[in-house]
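Labels A, B and C are assigned to the chains in the order they are written; within every chain, residues are numbered from 1.
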Amino acid sequence: MASASVPVERADGAQSAYAASQWKLVWWRFRRHKLAMAGLAVVIALYVVSLFPEFLAIADPHERNAKKLYLSPTPVQILDGWLPMPFVYGLKSERNPETLALEFEPDTSKKYRIQWITRGYEYKLFGFFTTDWHLMGLDTEDDLAAFHILGTDRMGRDLWSRLMLATRISMSVGLLGVIISLFLGILLGGLSGYYSGAVDVTIQRMIEFLRSIPTIPLWIALAAAVPRDWSVVKVYFAITVLISFIGWTTLAREVRGRFLVLREDDFVIAARIYGSGAMRTIFRHMVPNFISHIIATTTLAVPTMIIAETSLSFLGLGLRQPVISWGVLLFEAQNIRAVSSAPWLLVPGAFVLLSVLAFNFMGDGLRDAADPYSIHG
Amino acid sequence: MIQFLAKRLAIYVPMLALMSIVSFGIIEAPPGDYLDDYVALLKASGEYDEGDAQRLERRYGLDSPFYVRYWKWVSGVVRWDLGDSLEFRRPVNELVNDRLAMTVVLGVFTVVFTWTMAIPIGIISAVKQYSFIDYAFTFLSYLGVGTPNFLLALVLMWTAFSVFGVSITGLFSDEYIDAPWSLGKIWDMFTHMWVPMLILGTDGTARLTRILRANLLDELGKPYVETARSKGLSEWRLILKYPVRIALNPFVSTAGWTLPTLFSGSLIVAQVMSLPTVGPLLLKALQSQDMYMAGSIVLILTALTLVGTLLSDIVLGFMDPRIRMGA
Amino acid sequence: MTNDSDTLIRVEDVRTHFFLDEGVVKAVDGVSFDLARGATLGVVGESGCGKSVLARTIIRIVPRPGRTIDGAIWYHRPSEGGGERPIDLASLEADGAEIRDIRGGEITMIFQEPMVSFSPVHTIGDQIVEAVTLHRNATREEARAIAVDTLRRVGIPNAESRIDEYPFRLSGGMRQRAMIAMALSSNPTLLMADEPTTALDVTTQAQILELMADLQEEFGMAMMLISHNLGVVAQTTERIIVMYLGKVVESADVRTLFRDPKHPYTQELLKSVPKLRRRRQTERLAAIYGSVPSPYERPAGCPFHPRCPQFMAGECDVIEPTLKAVSEGHSVSCLLYSEETDS
C-alpha cells in the first residue's frame, strides 16, 4: 500500500501533539497570535522597568528645580558628525521682552555627551542595596546642561525619571489588585459553582448587586474616606484593596461558569465517588482544568485595575504625593492650560494606553489559545 | 411579562435598600463629628448661630443611635429633602436638581449614540468577518476600550485648545450658563453636548461593538439562518430579521450593565470638562467631607442606574418571547 | 442539456469545494444525476460524504468558504405559458433575484434539527407566512390562510391557534411538521429533506416519514431525501444514489440496490442495516472497517480503497474509477466492474 504511509505519518504527528503538555499546546496556539505576542513583549518590558526604575531614571524624581519649570523635552542629537555618539546642547536662558517670561534656547556652542552606565543620584535597589549606577546621564554638574527626555513639570522635576517610578507603582497596583481579585473570585466563584443552592444564590445576588451599582462614585467615596494622615504604604494598600473589589466579580462569574460545567464531568464525579473531599476536588481536579481560562480572564482584568488606579489618582482621591503613579502624574495634566503649554505632561497617558492595550491583546490571545473552539469578538 | 417584571423588581428593591445602607456607611465613614465641623466652619465665617446647630441636631438626629440617624437621612432622601450642603450653604436638592437632569440627559444621549454607532458597526464587522473593514473596526474598538475616557477628554480638549483655540468645556456658552431655560439655551446645550457624548460613548461603543460582533458570529452559523436563506430571502434582509434580532438580546440585557459604567465614566469626564452634572458636585462634596451630600448623590445615582436596568429589562421582555412567557 | 420533458433537474459534474486554511475540502467532487418530475431520490452516505453540501449546492446556499467551482445544474423551470425553460442554477448569482425566486418557492428544503431550525423569537406563523408572501401573490390574510391550511395538512392539531405559537412551545415532532408545512406552503416542484428524522425519536421518525411519503404523492412534487440511513431512504424513495467522499459511487433503483449491490461500499452499508428477519439472534451488525479519512487527505485512486475488503493493490490505489453503467439504470464507480464494461 503506497499511500498507507500517509495516515501513519499523520498518526505520528498527532501522537506528538497528544504527548505535549497542555501548557505547550496553549503556548503553541498563543504564539500564532502576533498581536498577543506583541502585547506579551510590552508587558514584559513594563515589568522590567518596574524592577529597575531608578536605574533607568536620569535624575532624582523628587528633586525640584525652580529654574527649570515646564522645560520642554531636550532634543537629543543622535549623531555627532557621523559618529553615533548622542549628545545634548546646553541651554541659554533669555527673558522674553514682551511676556517677561524666562525662555530657554539650545546653546549650540556647548555640547554634553551622554554617558552610558554612569553614576548619578543615590538610591536603594530593590529597597536594599545602596547604589548610584544609572543607565544614562550627563557627566557634568553644570546647571545649564539639561537632559530631560520628556521635559519637566511645574516644579522642574524630570518627567522621564518620574515616569519610570510611576510605572513601578501603577503596574504593581494592577498586579497586586488582580491577585486579591483572583483570590476572592476563585474562592467565592468556586464555592458558588461547587455547592450551588443557597450558597450560590447568595453569592450570585451579591455579584449582581456589586455590578449594578455605579462603581466609581462609590469607590471615590470610599477612597475619600481613607484618612489623610495614613502613611504612604497604608494608602497604597488601601487603594489597591479598594480597586481589587471592582474586578473580582467578573472573575467569580467565570470561575462559577467553569465549575458548573466541570462539576458534571465524569472525572470530577469519579473523584467524588472515590471519596475526594470538596477542597481536594476543587484544587486537585477542577482548578487545573480551567487554570488557563483563569489566567486569560485575569490578564484581561489587569487593565481595569490600572485604569481604576489612574482614574482615582487623577481625581486626587487615589494615591498621593510623594507616591508617583501614572494617575498622580496625570493629575498634573488636569489643567488644560498647563497641558497646552506643556503637552508632554500627557505622556504618562500614552503609557496607560500602551499597558492597557498590551494586556488586552495578551489576554485575548490567551483566551483564544486556552479555548480554540470558542468564538470571541 | 408582569410576572417577569415583578421578579426583577423583587431583586432591585432590596438592592436599593442595601445600597442605601452602603451610602449611609459612606456618610458615617470619615472620622470626626459632622456637627463639630459645621460649627467650626460657621464660627470661622462669623455666622455662628446656636439655633443652626440645634436645627441640624434635630434634622439628622446626630446624638441618636445610628439606626435613627439612618432612618432620618433615608426618609429625607425619599421625600427629596436632601438637607443642606455644608460647602455651599444651600439646600442640596436645589444644587442637585438641575445637575441631575443634565446627567440623565447626557446619559440618555450617550446611550442612544452608543447604540446607533455600535449596532451597524457590529453587524458589518460580523457579516464581513476578516475583511479590511472588520480589521479596521476591531482595531478602533481595542483603542476605544483601552483609552480611559478622561484621557480621551484631555487629548481632545488639548487638541481643540491648541489647534483651534477653542475651549470645549462645559455644556453651555458663557451667555447661557446662568440664563433661565429657553429654546436658545436648549439649542446651545445640544451644540455643546456632542463632545462629551463622543468621549463618554467611545468606550461603550467599542465594548458593545465587540459583544455584538461575537454574538452575531455565533448566530450566523445557526441552522435557523440557513432555513431563512433557503426560503429565498435576500441576504441582508434575512440577516437583519433573524440573527441580528437574536444577537441583540444579550445586548439589550447588558445595556443595563452599561449604565453603571456610563455614570462612573461621566463623573471623571465631567470633572475634566467641568460639565454641570452631578459628578463634579460629588467630588467637591467628598473633597470637603460634606458627607451627607455625597452619600445622597451616591444613592441617587444608584437608583437611576437601577431604573435604567429595569427599562432595559422591559425592552428585553418585548424583544424575546422566551423571557416574556417565562420559558 | 436535455430535451426530455420529464426531467426536472439534471446535475452535471458539479464540484463544490471548501477553501480552508488547512487545505481544500472537495465536499462535492463531480456529481451527476437526473431527477424526473414527481420522482423521489434518496442520497445516502456516511457523514462527511458531501450529501448535505450537494443539496445546498442545488439551491446555492453553500456557506463560506465553500464555492461551487464547476458543473451545471439544469433546472427545467415551468414557465407561465405552460412550457418550461431550462436554467443553469450553478451559473446564477447566489444572492440574485432569480435564484431567490426559485429557492424557497419552487425548490424548498427541510433541515435536520427541527429544534433550532426556526428562529426562537418569531412565531411559527410569522416564519411560514413570510415564505408564502415571498413566493406567492398573496396578501397577509391570504398567506395566513394558506399557512393554517398547510399546517393542518401536515397534521398539526388546532392549526388556527398553533400558528401563533413560538417554536419553543412545540415538541420536536410538531416542529418538524411545521418545518415541512413551511416547505410545502409555496407548492414546490422539488422538496429536499436533509436528514429530516435524525434528530427525532423512533416513533416520531416513522410518523414523519410516512407523512412525507403521503404528501409527496398528494402534492405531486419531486423529492430528494438525504440520509445516512439506508433503511430510511429505502422506505420513502424509488431511486438511490450512494455517495462517498464527494463522489457518487453507485446509483440504482431501490430494488436493484438492495438485491444486487455492486460497489463494496454499498455492500458494507447494507450489512450495517439491521434486518427484522435475522437468521440468528447472535449475528452481529457489521460495521464498516475504519472511518472516513481526513477530508484534506483524500486517498489516491479509488477514495474507498483503504477501507475496501476487495482492495486490489496496484490498481485501486492508482486508478481513479468513474461511474459506469452495469445494467439499465444501474451504474457503479468501481474498478471491479471496469473490465466487464470497458473490454
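FYI, contacts are C-beta pairs under 8 Å (C-beta built on N, C-alpha and C of every residue); 3 or more make two chains touch, one makes a residue touch a chain.
Treat the numbers as computed from the prediction; the structure is a model and nothing was measured.
The minimal number of chain-to-chain contact steps leading from chain B to chain C is 1. Contact analysis places A-B first among chain pairs (by count of C-beta pairs in contact).
With chains reduced to the mean position of their C-alpha atoms, the one farthest from chain A is C.
Put simply, the C-alpha centre of chain A and that of chain C have 57 angstrom between them. A separation of 27 Å divides the Cα centre of chain A from that of chain B. Residues 205, 208-209, 211-218, 220-222, 224-225, 227, 303, 307, 310-311, 314-317, 330, 333-334, 336-337, 339-340, 343, 346, 349, 352-353, 356-357, 360-361, 375-377 of chain A are the ones that touch chain B when the two sit in their complex. Of all residues in chain C, those touching chain B in their complex are 59, 61, 63, 95, 99-105, 108-109, 111-113, 116-123, 127, 130-131, 134-135, 166, 168-169, 179, 182. By the touch criterion given at the top, residues 11, 15, 18-19, 22-23, 26, 29-31, 142-143, 145-148, 150-151, 154-155, 157-158, 161-162, 167, 169, 209-215, 217-218, 256-257, 259-261, 263-265, 267-268, 271-272, 279, 282-283, 286-287, 289, 294-295, 297-298, 301-302, 305-306, 309 of chain B touch chain A in their complex. On the side of chain B, the complex with chain C involves touching residues 222-224, 226-235, 241-242, 245-246, 249, 319-322, 325, 327.
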